[in-house]
Amino acid sequence: MFNKVLIANRGEIAVRILRACRELGMETVAVYSEADRQALHVRLADEAYLLGPAPSRESYLRSDKIIEIAKKSGAGAIHPGYGFLGERADFAQAVLDEGLAFIGPKPSAIAAMGDKGVARATVAAAGVPVVPGTEGEGGLSNDELLKIAPEIGFPLLVKATAGGGGKGMREVHNLQEMPLLLQSARREAESAFGDGNVYLEKLVEGARHIEIQILADEHGNVIHLGERECSLQRRHQKLLEEAPSPFIGDDEELRQRIGQVAVRAAQSVSYVNAGTIEFLVDRDKNFFFLEMNTRLQVEHPITEAVTGVDIVKEQIRIARGRTLSITQEDVQMNGWAIECRVNAEDPYNNFMPSTGRITHLILPTGPGVRVDTGVFPGFEISPYYDSLISKLIVFGQTRAEAILRMRRALEEYKIVGVRTNIPFHQKLMDSHRFMAGQFDTQFVEKRFDMETSGQARKPIPEIAAIFATLVAHENTERSTHVIQRNERDTSNWKWLGRWERLHR
Amino acid sequence: MKYITTINEHEYLVDILDDHRVVVNGVCYVVDFESVSGQPVFSLLVDGKSYEAYVYESDSDLEVLVNGALYTAAVVDEREHRLRSAFGSGPVQSGEFYLKAPMPGLVIDIPVEDGQKIGEGDVLLILESMKMQNELKAPRAGVVSRVRVKVGENVERRQTLLSVI
Amino acid sequence: MFNKVLIANRGEIAVRILRACRELGMETVAVYSEADRQALHVRLADEAYLLGPAPSRESYLRSDKIIEIAKKSGAGAIHPGYGFLGERADFAQAVLDEGLAFIGPKPSAIAAMGDKGVARATVAAAGVPVVPGTEGEGGLSNDELLKIAPEIGFPLLVKATAGGGGKGMREVHNLQEMPLLLQSARREAESAFGDGNVYLEKLVEGARHIEIQILADEHGNVIHLGERECSLQRRHQKLLEEAPSPFIGDDEELRQRIGQVAVRAAQSVSYVNAGTIEFLVDRDKNFFFLEMNTRLQVEHPITEAVTGVDIVKEQIRIARGRTLSITQEDVQMNGWAIECRVNAEDPYNNFMPSTGRITHLILPTGPGVRVDTGVFPGFEISPYYDSLISKLIVFGQTRAEAILRMRRALEEYKIVGVRTNIPFHQKLMDSHRFMAGQFDTQFVEKRFDMETSGQARKPIPEIAAIFATLVAHENTERSTHVIQRNERDTSNWKWLGRWERLHR
Amino acid sequence: MKYITTINEHEYLVDILDDHRVVVNGVCYVVDFESVSGQPVFSLLVDGKSYEAYVYESDSDLEVLVNGALYTAAVVDEREHRLRSAFGSGPVQSGEFYLKAPMPGLVIDIPVEDGQKIGEGDVLLILESMKMQNELKAPRAGVVSRVRVKVGENVERRQTLLSVI
C-alpha cells in the first residue's frame, strides 16, 4: 500500500492534490520544469525533482522521466491531475507496468473513453443516447470528414479525438470554411495532446452543457455526486460552473435519471476512480452523452462544496483499494456553489492571454469562499502553460446568496501584474440573464458583451477622470523626485549598500 | 494645475487645487488619493465615497479599471492642450501599421507573405501562448510588408512581427 | 428600515461585517483612524470617513463622531463589532437616541451583562449556577477586595468589570502579591476600557472554558447554536477555539442542558441579537456561568462552519426586526471546526508583540479553509491596536480531519514583515495532549513549551546550517553586487529614472 | 568557501563547493537554493527534499525558522574562525546590559529608579503595545543606571530604555 504520492502536474491542481495527500498523512513528491522552480507545488511538497526546460513536451509530458523519479524517490503512486498526462492510457499503463499505483481509472477505460469515437460507440451500445456525429470511427482523413459532414448537417463541431478543454475544437457553419478549420483544429490538437486526430459532432443549439461527477471503487460500487452546470463557455472553454444546475433545479427525477445514465456509462467501461460524464441537455430536457473525462475535473470543487465529499481524498482511497466512504443514499446536494475560472487574459482585448510577474495579490476570503490557486506575489505567469491562475469558488445556502457572495469576492480580488478576466465575471454576475439562470452554451459568445452587458452598475466617468488625472499628475511630480533620490544615491553609494542590507 | 482629461471621448476639465481638492467641470470634490502598497492600484475617497481602481499606463493613454468597467483616458495639461489646439490635432496618423506581439509566444503560422494584399480582419499570424492559438488579425486593408519573424520562432511581448502599408 | 450600515470598527471584524452587509445588498460606511487610511475596511466600503489620529481614544472610541458620521452619511444602523464600543451601553443608547438602529442587544442588556457583578447576580437569580466571587457588587475598593479575597480562597482571578479578552485580568495566588496585581489590573482595564473597576472570582482549576452562542430576535425567540471550546488561552487570551468541544463530544444531553441554561441566562436580561454565554466546566461536567459577551465574538466563524448559520447576517436581520431564519430544531452541528488566532507576536520571545510592514503574504487556501483578515501585502501592523492579524478557520468532517487540515494550512501560511505565533499553533497541532483533547484553561501556560512540546517533527539542524550558511554566503556576494549596480546608476542616473517610470 | 556554522551551540563545518554542492561535516549534498519573491523566505532543495525557511538577521546571528522550529545560527568563515580561535572567543561580555524596547510602544510604568539594586527577573519597565501591557524584566541582578525614558513617553523599537550595571 502506498504512502508516498508523486504529483505529475503543476499549478493549482498540483497544489490541490498535494493538500489532499498531506491531509491524509501521505508524503508528496513534486516534479517541475525550469520555469517552475519557485512554484507553490515545489515549495509545498516533501520532495521535488526537476524534469527539464519549460515547454511541456520537455517537462510535464516526459512520462519516462516522471516514472523514473517516482521509482527513485520511492513514491508508490502517481496522480496525473488534469491536462498533461491526465488522460493518457499509455502513461497509466506504463505506471502500472512499473508496479506503481495510478490514481485514476484503468488504462483500458482511459483508452475506451479517451478516443471520443470509441467512447460514443461504447456508451451507445449500453443504451445511452449520444449526440449524432462520426462516432465509432477514429482517425478519419479530411476527405472522409468532408464527405460525412453534410450527412450530419451544419452547424457542427470539429473536436480533437484526444481532446478536452476546448483545445482543437472548431465550430463549422458550412462546407466551404471546413477545410481551413479542420487544419487549424488538427494543428492545435497536435500541439496540445500530441495527437492530431479529430471527429465531427452535431452542434446542438440552445443546449446546456451539464455533467455528472462519478465515483467508482474497485469493488463494483459506482455512485454519482449530482450534476454541474457548465454552459458558460467561450471558445468551448468553460469559464463558470455551478452546482446544482439552475436548469435542473429541483427536478429531482431528472437529476436521478441523468445520474443513473452516467453511472451506466461508467459501468460500460468498468470504470474505477473519479470521472465525469458530460451531457448536452436540450430545451425539452432530452440529454445526450457528449464525452467522458477520465480524470479529476477542473471544476470538481463545486461538487465538493454541495455534497461535502472530498473528491481528491476519495480518489486516493479508491487507488488504495478501499471501498467508497459513502453510498448513493448518503449523497445529498445542499446549498449552491459557483466557480469562476480566473484566467490571465484581457477581457477588454478579445481575451488575449496576458503574461507577467504578479507584483501584488489580495485574495478574497471570509465565509463561503474557497480559492484554489498556485500563484503568489512574485510568481511569474509564463506563456508556457495554460492561462488558469486560480479558481474562485463560493458556497451559499441558496443560488442568490452564492451570486451575491461571488460578486463581493470578485470585488475583493486584486491581482496586479497581469490582466485577468475578473471584470468579465463581474459583468456576468450583474447580467440579468445569468441571474435568472437563462443561458446556454452559446450565451457568452452570442449574447454577452463586455460593453453592454451587466448594466447594474452606473457608469462613473467623472471618477475615472479624477483617477487618471491624479495618476498623470503624480507621475509628473514623481519624475522630479526620482532625480532627487538619485542624486542622494550618487553622492553616497555606501548608504545604498547598507540600506539594502538592512532591508533585505 | 489644470488638465484636460478625455474619458471614452468625453472631455473633462480637471483642476487640481491642492492635495485634497479637485474641481471637475466646475464642481469641487474633496478627495483623498493614495497608491496602495506602492502598486498601480489606487484608493480614492471622493466626498466620502470609496473607490478603488487599477490604472494601467500604455503608450500615450491611461486605462482606468474601476467598479467593474474599463475607461480609456488621455490627460494633457492646459498648456499642452492649447498648443495642440493651435497646431492641429497632434501627430498625424502614420501610414504604416506595425503588428506587435500582444504577449510572448511561439509563431505557429504566418498565412500571409510580403507584398500580399489583405482585407480588414484577415488573419496575419497565429501566435501560441498559454496553450491557446491566437489569431492576430489586420485592423484594416492594405499590403503586407516586412515580415520580420518565422514560423517556429519565439517572440517577446511587443516585438514587431510584420507591417501593413 | 435601514439599508446602509456604519461599521464602527477596524481590522478583520470590520471586513467580516462589511462582507455580510454587501451580501445582503446593504450599503456600507467605514470609519478609520489616520493609521488605517489604506486598511481593507476603508477600501472595501462604499463610503469611508476619517475619525482622527491613530490612538483608539482619538478615533475608534469617539462615539460622538461616529454617530455624527452615521447621520451625515445617511446610515440607518451601526454595527459595533467587538472591542472598542462593542459592549458600551451608553454608546448603544446614544445610537438609539439618534433614531438609528444598533446592531446588537438593547442598552439595558449590555449594561446588565457588561457589569460582570450585576450579570452574575442576575443569572444566579434566574437559577443559573455561577463561579463563586464578588458577584453583585460593582466598584469595590482595593481594601474591600483584599478583605473578601481570603473568603473566596486562593488561587483567584482579578477581572475587569468592563472587561473582556483577558485585559485587566490577573491570577492571584496569595494575599501578599495581591495589591500589586490589583494595581496593574486596574491600570490595564482603565487603559483598555476606560473603566478601572475590577472584581474577584474563584479560579477553578482543571476547568474548561466552554461557551454557547445565542441568537435572539425581537419576537421572543431565543435559540442556541451549540458550544465552542475555548480553553486554549495564554494570559487569559484565547488562542485557539474549536466547535464542538471535544470534552462534550457526543454527550448530546449535556450539550442541550448547557444550551438551555444559556438560553435562560439570555432571557433573564430580555436579550436580543447575538450573544455568547461563557461557562467554566469542571472535570465532573459541572458548569458555572462566567460571563456573557453581549456582542459578536471573535471566534464566531467556527460556529458558522459547523451549523451553516451566518451569524453576522442573522444579526442584521434581527436588527431589522425580522424573526430568526431558523428554529432550535433546525440547528445541527455537523463536522468539526477549529480556529487559530494568528497574532503579530513572537512565540520564541515570550509572545512579545511584533510590529512592522507586511512585505509578503501567502494565505492558505483550498478545501475547508477560511481566513478572516484585514491585512494584505504592504499593510503596516502598528502598535496602536491589538495584535490579531488574522483568524485561520478550518472545517473537516471529523476532528482528526480538521486537525490535519489545520496543520497543512499553518504550513502554507507565509507572513513576512512581522513575527507571528504560527509556530506556536504548529507545535500545538503536533502536541499529543491537544490531539487527544486533553487540555484545560491552564494547559498552554503550565504544560506547554515551545522548546519541548510537539516532538512529532524531528529536528533538522544540518538543514538549518545549510540555510544559514547560504544566506550568509549570499550576503557577502551581494555586497559586491550592490556596489556594481550602484556604479551603473551613478554613471547614468537618467537610466534609473526611465526604468522606474517603465516599471511603475 | 568554507564556513563554521554554529546551530544551537553545535558547530558544523560547511563547505560551499559551487552553486549546487555543499559539504556539511564531510557529507556532500546536492542543493538548490532560492530566495522566494525577493523576500527573506528561502526555498531549499537538498537531495530532492524540499524545505522552506524564514531567515531573520539580527545583530550578529541569524535565526532560521524551518519545519516549525527556530534555530539560532552564527556563521563565520574559516579565516575569521582561525583568527578568533587564536585571540580568544570574540568580544568580551560587556559589563552593562542595555534594556531595549522590543517593539514600539508607550511607557506605562517604570517601577525602578536610578541606582536601585535589582534581582534577576525583576520588572524594570512596563511597555504598552497592541493594547497589551508587557513587563520587561531584568535578565540578571545588578544596579539600575541611566533611565532614559519617562512614563507616558512613546518609544521606538530598539530604543534603549535604561541600563543595568
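As written, the chains take the letters A, B, C and D, and residue 1 is the first residue of each chain.
Rule of thumb we're sticking to: a contact is a pair of C-beta atoms (placed from the backbone, for glycine too) under 8 Å apart; a residue touches a chain by one contact, two chains touch by 3 or more.
The shown structure was predicted, so the numbers you read here are calculated from the model rather than taken from an experiment.
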item: Smallest number of contact steps required from subunit A to reach subunit D; value: 1
item: Centre distance in Å when subunit A and subunit B are each reduced to the mean of their C-alpha atoms; value: 31
item: Inter-chain centre distance, subunit A versus subunit C - centres from mean C-alpha coordinates, in Å; value: 37
item: Centre-to-centre distance between subunit D and subunit B (centres being mean Cα positions), rounded to whole Å; value: 51
item: Sequence positions of subunit A contacting 2 or more other chains; value: 44, 360, 376-378, 411, 414, 504
item: Set of subunit D residues in contact with two or more other chains; value: 36-37, 39-40, 57
item: All touching chain pairs, where touch follows the definition stated at the start; value: A-B, A-C, A-D, B-C, C-D
item: Subunit D-touching residues of subunit C, taken from the complex the two chains share; value: 56, 167, 184, 187-188, 191-192, 235, 344-345, 348-349, 352-355, 359-360, 383-387, 411, 414, 416, 423, 426-427, 430, 450, 454, 457, 459-474
item: Residues on subunit B engaged by subunit C in the complex (per definition of touch); value: 32, 34, 36-40, 43, 45, 48-50, 52, 57
item: Interface residues, subunit A side, partner subunit D - complex; value: 30, 37-38, 42-50, 73, 376-379, 504
item: Complex contact set, residues of subunit C against subunit A; value: 15-16, 19, 22-25, 40, 44, 301, 304, 308, 310, 335, 360-363, 365-367, 369-373, 376-378, 397, 401, 404-405, 407-408, 411-412, 414, 475, 478-479, 482-483, 486-487, 489-490, 493, 496-497, 500-501, 504
item: Subunit A-facing residues of subunit B, complex; value: 1, 3, 5, 7-8, 10, 12, 14, 16, 22, 24-25, 29, 31, 33, 35-37, 39-42, 44, 46, 51, 53-55, 57, 62-71, 73, 75, 102-106, 108-109, 126, 128-134, 157
